[in-house]
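Following this message is one structure expressed as structure tokens.
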Amino acid sequence: MGMIDNKGVNRYVLLLTCLDRPGIINEITGALFDVNANIVHADQHSTDDEYGVFFIRIEFVLSGSSEGLDDLVDQLCASLSAEAKWYDLSQPLRCSILVSKEDHCLQELLYQWKSNSLNITVGSIISNHDQYGSLAQWYGVPFHYVSSESKHVSEEQIIEKTQSTDILIMARYMQILSSDFLSTYNRPVINIHHSFLPSFTGAKPYHQAFSRGVKLIGATAHYATEALDEGPIIIQKVSPVTHRDNINDLKQLGTHLEKQCLLDAIRAVSEHRVIIHDNKTIVF
Amino acid sequence: MGMIDNKGVNRYVLLLTCLDRPGIINEITGALFDVNANIVHADQHSTDDEYGVFFIRIEFVLSGSSEGLDDLVDQLCASLSAEAKWYDLSQPLRCSILVSKEDHCLQELLYQWKSNSLNITVGSIISNHDQYGSLAQWYGVPFHYVSSESKHVSEEQIIEKTQSTDILIMARYMQILSSDFLSTYNRPVINIHHSFLPSFTGAKPYHQAFSRGVKLIGATAHYATEALDEGPIIIQKVSPVTHRDNINDLKQLGTHLEKQCLLDAIRAVSEHRVIIHDNKTIVF
Amino acid sequence: MGMIDNKGVNRYVLLLTCLDRPGIINEITGALFDVNANIVHADQHSTDDEYGVFFIRIEFVLSGSSEGLDDLVDQLCASLSAEAKWYDLSQPLRCSILVSKEDHCLQELLYQWKSNSLNITVGSIISNHDQYGSLAQWYGVPFHYVSSESKHVSEEQIIEKTQSTDILIMARYMQILSSDFLSTYNRPVINIHHSFLPSFTGAKPYHQAFSRGVKLIGATAHYATEALDEGPIIIQKVSPVTHRDNINDLKQLGTHLEKQCLLDAIRAVSEHRVIIHDNKTIVF
Amino acid sequence: MGMIDNKGVNRYVLLLTCLDRPGIINEITGALFDVNANIVHADQHSTDDEYGVFFIRIEFVLSGSSEGLDDLVDQLCASLSAEAKWYDLSQPLRCSILVSKEDHCLQELLYQWKSNSLNITVGSIISNHDQYGSLAQWYGVPFHYVSSESKHVSEEQIIEKTQSTDILIMARYMQILSSDFLSTYNRPVINIHHSFLPSFTGAKPYHQAFSRGVKLIGATAHYATEALDEGPIIIQKVSPVTHRDNINDLKQLGTHLEKQCLLDAIRAVSEHRVIIHDNKTIVF
């Protein structure tokens, strides 16, 4: 995996997507060579279908400044008709965490952040429950309570409080974000759904799983989109269950899956390992 | 697990379900003691809900004959208002295997049977494809081809060919058995569905999984019921997949899940470890 | 699993081990029936070898007082030549947690305890590092620093601080407890070893794993005994790794295994699901 | 995974290892571009340590002939001080399978080969047991019995029978191949060890595992080297076990692990996904 040192000094990532044709890697690596970049990891994927799509993630080191990277990306986008972007790994991903009553995912993210094992900064905790003041204080993070009485009002408040973030994390936030909100925020929003999607969409998935008598329960970290529970899937995990596990057992077992799924997804996103294409993800 | 020696000489199993109340285990074990049974394994489960249901599987050895077991079961059923049945483990489960084009599950079952690691006998192979003659001959099993042109005719043929079986195994048999068939056959029918139910019911589940971009694929062994893919689940297994896996990869990875799921399910059923209750299974 | 409600009012557990012979379950359940106990779960196991050993865990409810249980246990021990003990599930297991520099297991235990999902009370945190004062204060637990300069002195201090505990948890405590300590403390001590035992005993297991090039790393929760890393194993978990994972990645992936292994082990022990026999465990 | 179509027409693989420095990928992809190769997959890895080592696997399509590939590899080896080799995916890997009494791995390999899901041809089955004649005949493969009375003689016979093979597969072959044999054969030999190495090296690993009371059993596919059970690991898998599983259960559960581990390893090797470095493997 090559998890990234929290500081990531002089480390950069290039993500690029374009139609496949001969010579692409050569062109990209040539351009990087010209700005004195040393490639430390390269991951490439092409789809198998008729009109193949090409995806690449290149992690590289620059000895000098990053001044030339904007031009490099512009040039590649032009010559390859590509979508591309570069990221500076020394700049942690700026997150806000949305949470409702269940706090296990929140706690995990805060702990991993503070123990320097996640390349993020948590700018705020936002909840429709008012119980997180002292926890936020302990971690030195602003806490904002937004009432769930009016979705319109609460979403406006969230937009306002998350101006300077790169990403929103729904860490068991049990409110549905509106299409308006998603298009206004217009940056990635990641959700943890407490089932193995597409099984058991919607409310109370553990009740649904218990009632169906499944022998495995799951969790799914995915991008939030307008269609609830149908956004691109980033990570899924499952855990075996038996006839002995009642609904409370499923919930308890599920907390581990949920927090580890969400954590792995945030890790991948914060290290710029994820490309979205066609409602699916490439996770390098 | 305590897998059962293929001969299981003098080994018996009692399966019993009744409403829970104090003293049940004492009554059952007392009755077994009275017929000189020595209990080697006992597994018990009670549901947590208001009107608790009690389930038990007892594996026991008899030094003498099994003559008294019918009476014992009758007596327990009467005094506990129970459903109960006893099984002689030295009598392997008599199976017929239904199969269509994909033969990996069939091959696995035949191999496990012949290497004495499954407490079954395979009485016949039945297929709507005619390719299995020489394989059946190699294993010394009758092969019956039933055309899939008329469901009515083919199901009548299957009924006729499976008179002396305890169970039907749909080992990737891609025809839907009608309600009429199921009620006429009136013994357990076990199916392997090539997805993690309830995700991707119906046709072409690997195509559905690929299209949704899931990060795990699964297989589900379950009892066939009138409602397709909705019968009680016995075993489920999953395998991780990535963006690199195309539909053929999913199918290939799936073959391992399918055959191991089906095998584990047949093992559990053939050792009389499964009780059906309320469209779910207790798998002891 | 039937995880136990934190209060467990009127719920009790009987653990019993004896040589196998006909009639044992009947005798035990008869004795329980006589004190008006209602059995809610029963788990039984017998070893397969010539001189079979019988193990049982019975969870039961008493409508009246537990006064008769001491006599019941004495009577069973006498008539069955058994070792047996009863436990009151409304009395959480009293733990002290020993920890060194790595705090992920400590944090997990504290969080699970405080969110009422673990049937324990944490009486104290003891460390050879002095960094845990404010965390202990946040959770309202006494913190004791014991210098690791003299093992003799530090172990005396630990003995003194853990008088009123039922169990010690070594949550990544990197000191070896002496035989003297273990025999003086004379109650269960549970350790988390950061490898899949018996692979990579001793120091720096992740370095050993990396150097051997294994494709899975593991963690093992086990009882601490005089022979380091050789006590009875309670829980083991593994996680896949690849050539891409360096030692730091292994450590990071390992933290999840370690904390979940230790948590599952403490859950099992606190619900009195574990019987030790012959340097192995039966985990019901 | 992108499993390879059995025919692999015009598909080639380049494997290359060298010391890391800027510009390598650019140089390799430039050279491929010059021979009109179209890259379909590229996988690259560099070690993190001070003197980084660079590994790459490139799968590419040629529209014309492969004539230029020898020169291309020579040129890259010279300019990069690399070790490199190219492979034609339309040429299946030529295998001989060595087997003793347990035939589950053998059966799996033969079945996967014949169902066209493994890019190999099986040239012969060689055993120190004489029971495989009719199975070999069924699959149309020569069978050679080699007595295990004299290792010297039997190894000479094996060398003679495997002249035109690319690889030997020890599919539960319970004889130790001598250093002399390995250096004479001088091509890859792959073994399946029935434990999670480095646990339980040597004989009777399931007995060892049972005796230690582990909660997971494993299997390891690795390259055979002079130091028994210490060669580079390719694939490892594990399966959970409990106190209920006796030694026979462990063996039975193990058969599934063993055959799937070995199969995955042979698949990886036959698709030229494995590079050995420093007694470890990179598995792309």
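A, B, C and D are the chain letters, set down in written order, and residue numbers restart from 1 in every chain.
The rule is simple: contacts are C-beta pairs under 8 Å (C-beta built on N, C-alpha and C of every residue); 3 or more make two chains touch, one makes a residue touch a chain.
Here the structure is a predicted model, which is why all the values come from computation and not from measurement.
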| item | value |
| --- | --- |
| Equivalent interface positions on chain C and chain D, same or different at half | same |
| Pair sharing more residue contacts (C-beta pairs) when A-D is set against A-C | A-D |
| Farthest chain (mean CA position) relative to chain D | C |
| Chain centre separation in whole Å, for chain D relative to chain C (CA means) | 41 |
| Chain A and chain C: spacing of chain centres that average the CA atoms, whole Å | 36 |
| Junction residues of chain A - those touching two or more other chains | 2, 45, 48, 242, 244, 246 |
| Residues of chain B that touch chain D when the two form their complex | 1-3, 103-104, 107, 111, 115, 117, 138, 242, 244-246, 248-249, 252-253, 255-256, 260 |
| Interface residues, chain C side, partner chain B - complex | 2, 21-26, 29-30, 32-33, 36-46, 48 |
| Chain B residues within the chain A interface of the complex | 45, 48, 196-200, 212-216, 218, 232-238, 242-244, 246, 279-283 |
